[in-house]
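We call the chains A, B, C, D, E and F, going by the order they appear; numbering starts again at 1 in every chain.
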Amino acid sequence: TIVREIATANVNELVNRLTENCFELCFTNPSSSMGSKDKKCIEQCMQKYMKSWNILSQSYVKRIQEAKAAGDI
Amino acid sequence: TIVREIATANVNELVNRLTENCFELCFTNPSSSMGSKDKKCIEQCMQKYMKSWNILSQSYVKRIQEAKAAGDI
Amino acid sequence: TIVREIATANVNELVNRLTENCFELCFTNPSSSMGSKDKKCIEQCMQKYMKSWNILSQSYVKRIQEAKAAGDI
Amino acid sequence: QEVARFLEAETSKSKVQMSIHQYTDMCFKKCVKKIDSSDLNSGEQQCLQTCLDRFLDTNISIVKL
Amino acid sequence: QEVARFLEAETSKSKVQMSIHQYTDMCFKKCVKKIDSSDLNSGEQQCLQTCLDRFLDTNISIVKL
Amino acid sequence: QEVARFLEAETSKSKVQMSIHQYTDMCFKKCVKKIDSSDLNSGEQQCLQTCLDRFLDTNISIVKL
């Protein structure tokens, strides 16, 4: 269904951007194999990213509502 | 209609790229609120961007026509 | 047909990414016209890019098959 | 017609989510430079907030000009 | 059939516009480093022009190779 | 139904190719810094390989977490 397709697109977008950002932050000098330190970095990075997503998501919705109420958009 | 959808997509693309470029140029160190200096920067940046768009747009169309005439594309 | 559309999209994606990467590598300080040195650079860059594409393409397919076999994805 | 309204609402929700993905990506790149904890410190939180606010200010200014 | 031709022309116009958005974005980032006026100075204009010319040269070379 | 299966296979092949375009672009930018030959030297080849491996590791870790 189209609703499921939209949800999948949303999850894919999140996974892609998470992967790209955490790859950049955790592997500045990629070594030949992935160690436990790397795994920990990816897990912490993922949690930081999700927290950022939550903060910005709440602020964005709030801001848009204020702008609509003020007639700015 | 599809024609209106294409026009909207075009305007959205312009607004998105303008916002991103002028945000980067005018807020290297974002402060806690937006002052009149910031507003002036955004307005000047927008005018510079539109002038760039006009120059490149004319050159591009001219260049494509020349390449077509020369059989390069 | 849709198969041809997919093939065209694939070629366009390759040409766009090739152009962008080789433009960045061959014209750090763009001069007023394109000389034979520039042309050589673009040709070598294109060959390097295609070789990279081949290496990564083979590795990716191999890796995905291993991950599937291991039940990781 | 109700189906149309439902789909429109879903599409609009999806556009909002795609915008949030874009802003999170952009502001995370600007504000988070190293990973040594799974929490955002106060400087990172402040930076994310300011990043979004000024980006939306810019966007609203441009649409209004 | 005329509708088909009209739509094709509109789609093709739209592709050209999307390309111009991409080039403007890329060359503006390369050539405009600060905002202290609403006009492009001569260095910036020259840079934009050269940026587009060399980018199209690259594109045409690649398609021909 | 066979048409549907054929189209699905084509679409899936196309998604794989789009991913490869994305990875090649990203790893080429990271690993190839200058053009003085049409061959990849061994350092560049090693870098491309490691870049892909660690990127896929990251992706798989995130999907599993």
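Note that in this section contacts are C-beta pairs under 8 Å (C-beta built on N, C-alpha and C of every residue); 3 or more make two chains touch, one makes a residue touch a chain.
The structure presented is a predicted model; accordingly, all values stated were derived computationally and were not measured.
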Pair sharing more residue contacts (C-beta pairs) when B-D is set against C-F: C-F
Gap in Å, rounded to a whole number, between the CA centres of chain B and chain A: 27
Whole-Å gap separating chain A and chain D, where each centre is the average of the chain's CA atoms: 10
Chain centre separation in whole Å, for chain E relative to chain C (CA means): 21
Residues of chain A engaged with two or more neighbouring chains: 20, 22, 26, 43
Numbers and ranges of chain F residues touching at least 2 other chains: 53, 63
Cyclic chain order when read starting with chain B and heading to chain E: B, E, C, F, A, D
Touching residues on chain A, where the partner in the complex is chain F: 15, 18-20, 22-23, 26-27, 30-32, 34, 38-39, 42-43, 46
Touching residues (chain side chain D, partner chain B) in the complex: 26, 47, 50-51, 53-55, 57-59, 61-63, 65
Chain A-touching residues of chain D, taken from the complex the two chains share: 7, 10-11, 13-14, 16-21, 23-25, 27-29, 31-40, 44-45, 48-49, 52-53, 56, 60, 63-64
Complex contact set, residues of chain C against chain F: 2-3, 6, 9-10, 13-14, 17, 20-22, 25-26, 41, 43-45, 47-49, 51-53, 55-57, 59-61, 63-64, 67, 72-73
